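Report on the following structure.
Chain naming follows the written order as A, B, C and D, and within any one chain the residues start at number 1.
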C-alpha cells in the first residue's frame, strides 16, 4: 500500500437531468454530498457513467466546473479526458487541467484502428503534455482494446502513469496487473471498476474501486473498503453479496440495452430513492418507463434501499422526446 | 439513377504532413488538383482516411477551410462530422456547416453502448439540427455497429438521410440496401467505400464509390465509373483487377496494423510517387520505414504507377518522434 | 479457367425430414433430381446447410450413402468432413472416402484455439491421409478463423488443396484469392458460398458457386452461371437481383436466429413449394411456424416461385417436440 | 453447501504423449496418482485441456478406459462429452456412460449458429437421453456462446443440470450464478475453471474449482481449498498469488498462441518436472522448444517447483513432425 490520495472508494458520478433534460445542479449537489457524507475517498467525473460521450465540450466543462465547486476540496477529484486519438485527448487534458482537477483518466485510443505500439505511444504522448497524475482507463467494452498489464506496469515504472482504473472485466489480467505492480514496487494505484466483484479485487490486491453502483449505495462500498482494510473478509463478502444483488437493477431492463439500460437503471433508482428529480437521459437515449421502473423499484425494496410500502414515483415528462417536426421515433 | 450531385467517384482525401508533422498545404493542393483533374465527382474530407480521429477540432476546421478554398466549387464537398454521441456530432455539424460544405457524413454513435433504437434516434436528431444533405457512414470496423438496410431506407424515405457511404464490408447487406432503396423509389444515394470490389458494387446498383485508393490512382477509378455507366463490364472488371492488385500496398506492411498500415501505406505511396513530400503520420502513429517502403514501391512499379527504374525516395525525418525527455518508445 | 470437374453451380444440399424428424428419402430424391434436372454442375453433401453439425456419424453416412445412390454419377459429389481438429477430420475423410465421393471439404480446426501455423499444418496433415481432391471451406461464422488467401494459394501450389469454398463473406479477401490464384497458374478451383452476391464473385473470377438458395431456385443459378460464361453481365445481375430478393425468406424470421432462421427458412420454402413434405428441423432447433411461414410464402409469391393464390400448407406435426417427461420448453 | 460428491479441487487432466505422440500410459498413471495423493477431490477427463478436440472417438474412449482403471474409484470421475450439436453430444454421452464415469460435462452447441432457445433445448434433450449427473461447461472462448445464469439455475431447479463448470472468465456472471443458485436452494454445484482467481470465486461462493494448473501444482490447490473451508482468507489469497505467478508459464510462450501455448506450457512444465516423459502435442500443434522451454523452467524455479540448479531437460524427438513426403511446414 502506498500513501497515494487515490485509493479506497471513488465513485464515477452519475449526472442528474431536469425534466427538460438540462443539467440538474440541485440534484447533483445532493448526490455528491450524499456520497461524500457516506465517506467515499474521491469522486470521478466525466467517466462513461458520467455521460462523457454524450456531452459537448461546453457541457463537459460546465459539469466539471460546477462539480468541483460542489466538492470544494473535501475529496480528490479525477476527471475523464475521453476522446478518440492522442491529440484530441491532450486537448481535453489541457482544458480539464484549468479547472483544478487532481488527476486525469484516459482510455486507449479508439475509432481509428491500431496496435499495442500505438497504445503505448498514446499514453507516453499524453504524459508529455500534462503534469497531473494520469490514470489509464481499461475499458474494452467501449474502446475495443484491452490494456496489457506488462505495458501498464512499464508505464508506471517510467512515470507515465500513476494508476489504472480497470473496467475490463478480465479478472485474470487484473490479478497479474496487481502482482506485476507489486513486484515493481507498486508504481501504480490499481482501482477496479467492476462493482459486482469488488471483494475478489480487494482480495487480489486492488488499491480501491470505482463502482458506478456506489451512486446508489455509497455507504455499503465504504463499509466494505474498511472491512477489507481490517481483513474481515467474511464481512467484505457479505456486503458484496448485497451489492451484487442490488446490481440486478440493471438486469431487469427490457426496453433497451447498453448505456440506456445500465446508467438508465442507476438514474431510475436514484430518482425513485429521491436523490434525483427525474431519470431523464441524454439524446439519443430514452428514459426508462413502466415495467422497467417497477422492476428496479422491486430490487431496491428487496435490498432495503426503499421502504417496502413506498409508492412508485410517476414521471411527468416525456421519456423519449423528439424535436418539433421530427418523425415519431418507432 | 437520380440527378443527385453525390454520385460517381468521391475519394476520401488523405492528408499530407510536412517533415515536422504539420499540415502540408502545398502537397494537399497538389493532391486535390490531381484528383479533380482526373475527373473525380466529389471529394470527402474529414473521413477516417482524412485523419478525423487524430485532429483536434481546431485542426479539423483548419483542414476543412483550406480544402474548400482549394476545391473552389469545382466538385461537391462532403465532410465527416465524426464524434461519439448525438450532441457532439451535432456540434460538429453546426461548425462544419459554417465552412460551406455540400453534405455531412455521420457514423452511428460510438463509445457508449446502445442498440438499434438509439442508432435511429441519433440520425433523426442530427437531422433536426441541420439542413444540409446527410449521409450515414456505415463503418463497423471503427464504430462497432452495423447499420441495418431496412432502417437506412426508412430514414431515406423520411427525409432524414440523403445517402449512405457503406464501408461495412458486408456485401450482402449492401446488395439488400440497393434493392430496398430501389423498391422505395431511390431516396438514398448509395456509395461503396469498399475500394477492392467496386465492380461488384456497381453491378449491384451502387450510385458511386468512396475509395481511399483513389488518392493514389484517381484516373482508374474515374475510367471504371464511366465504363460502368456504359455497361462495359469486362472493362470495369479489368480495371478493378488492376486496382485490387494496387491495394497490395496495404498488405505488405510488417511494422504495424490498422490505420498505420492502411493510411500509412497510402501516404507512403503518394510520397514515393511525388504527390506528397513525406509519409509522416499523426501522433501516436509512426511513419513506415525501410522494408515496408520498399515493398510498397515494388507494388507501385508492378502496377505501372512508378517507373521500373525510379529510385526509392529516402526519408530525412524522424518517422517516430518522441517529445524531449520522453522515454524512448520500444 | 481449368477443366476441373468442380466448377459452375454446386448447391449444398438441404436435407428433408419426415413429420417424426427422420430422414425423408422420398423428398431428398425429389430435391436432388430437381436440382440435377435444372442443370447444376455438382452437389455438396454434409455441409453446414446439410445439417452436418446435427448428425451423428451413423446419420451422416446414412445420408451420404443414400445421396450417392440417388445422384448415381450424374454430377460430381463433394462431401463435408467437418470435425473439430485434425485427426477427427481425418477420421471423417477416411470414412467418407469409402462411400465413393469425388471430393472432400474441410474447415479450419475449431473448438481448440490456435493460430495460422496450426491451420496450415491441419490441411497438410489431412492431405497426408487421403488421396481425394480436397477443398478448404472458409467459414469464419462457424469456425471463427478466416483463411488467409496467401496461405490458400500456397497450399494449392503444393498440391495440398484442389479448391476453396469461400463462405467467409469477406469479398476483399475473395478478390485477392482469385487474383493470387490466377497469378500462380490457377491451382485452386475457387467457389463462392455467398449466394446473394454471386454476380460480383463471378465478375471477380470465381470458378463457381455453392449457393444454399439454389435448393429453392436451382434454375436461376444455372442460368446465371451460363450468362456469366457468355459475358452477359446485365443478365447475370438481373438474375442476382431476383435471387437476392428471394433470399428475403431468411430475413423475415422472428422466432429464432442463425441456423434455425436460415436453413429453417429454406426448409419452410421447400415445403411450401411442395419439394419437401415438412419443414422439420433436427434437435435442438424448432421448425418455423405461423407468421414466419406466412412471410416466407409471401416472399416466394413475390418471386414467382409460388402461385399468387396458392394456399399456405399447414403443419400436422409438432414443430418443437420434447421427449416424454421433459419439462416444457419455454 | 451440499453433500454432493462434486466439490473441491477437480483438475482437468492433461494427457502425456510418448516421443512418437502416442498415449503415454506410464506418465498418465504417474500424474493421476500425483494428483490423487495430493488430495484432489475428483478428476475431469476429456475436457479441453484433456485434448478432447484432438482425439478421434477411438482415442477418446481409450483414454477414458485407461484413466478410469487408474483412478480405480479413489475419487469421482467426470468426463467431457464434447461435440457439435445435440445428438452428437448424446452419442458421446451414451458411449461415456458405458465406461463407468460419475458425471458428464457438456458445452453449449457449437459450429451451427443458434440462440438461447436452442441452448436450453440442447441441455434438456441431453438430459432426456442419460441418467448421469450432467454439468454444463460454460466455455465461450471455444464455443462462442455464454451461458446465462438465470437459464442455468432454471435447468438446475428442473433437474436437468446438477452443476456448472464455469470457464467463461466472466466473474460478474459467475457471482450472479452463485447468488441465484443460493436463492434457489443450491440445485447446482458451481465450479470455477478460472485457475488464476480461484480465491475470488471461493469468496463468491463457488463449490470448487477445475484448475488446469493443478496438474502442475495440485498440492497448492488442495491446501487453498481447505483454507477456504476454514475461512482463512489471507492464506487462500497467499496461495492464489503463488499460483497466479505459476500461471506465467503460459504467458511467456512466443512460438504460438491458444492451445499450443496454454496446454503446451503445461505439458512442458510437467515434462521438465519429471512427471511427463515428453512435452509432445497432438497434430496439428507443435511441441514447445528452445527459449519457450527455458522461460517455462525459469517460472517453475521461481515458484519453487524445480530446484534452482536443476538442468533443463533436452528433447530427443521431433517437436513438429511432418508425414513422409509432406512439404516442410513453414
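Keep this in mind: a residue touches a chain if its C-beta (ideal position, glycine included) is under 8 Å from a C-beta of that chain, and two chains touch if they have at least 3 such contacts.
A quick map from chain label to UniProt name: A, B, C, D = Dihydrodipicolinate synthase family protein.
Just so it is clear, the model here is predicted, and its values are computed rather than measured.
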item	value
Both-way neighbours, i.e. chains that touch subunit D and touch subunit C	none
Subunit D reached from subunit B - shortest hop count over touching chains	2
Relative to subunit B, chain with the most remote C-alpha centre	D
More contacts between chains, A-D or A-B	A-B
Distance between chain centroids, defined by C-alpha means - subunit A, subunit C (Å)	48
Distance between chain centroids, defined by C-alpha means - subunit A, subunit D (Å)	36
Subunit B residues touching subunit C - in the complex, by the definition given at the top	169-172, 175-176, 179, 194, 196-197, 199-201, 203-205, 231, 233-234, 236-237, 240-241, 244-245, 247-248, 251
Complex contact set, residues of subunit B against subunit A	48, 53-57, 59, 82, 84-88, 90-91, 109-115, 117-122, 124-125, 127-129, 141-144, 158, 160, 256-260, 282-286, 320, 322-323, 325-327, 329-330
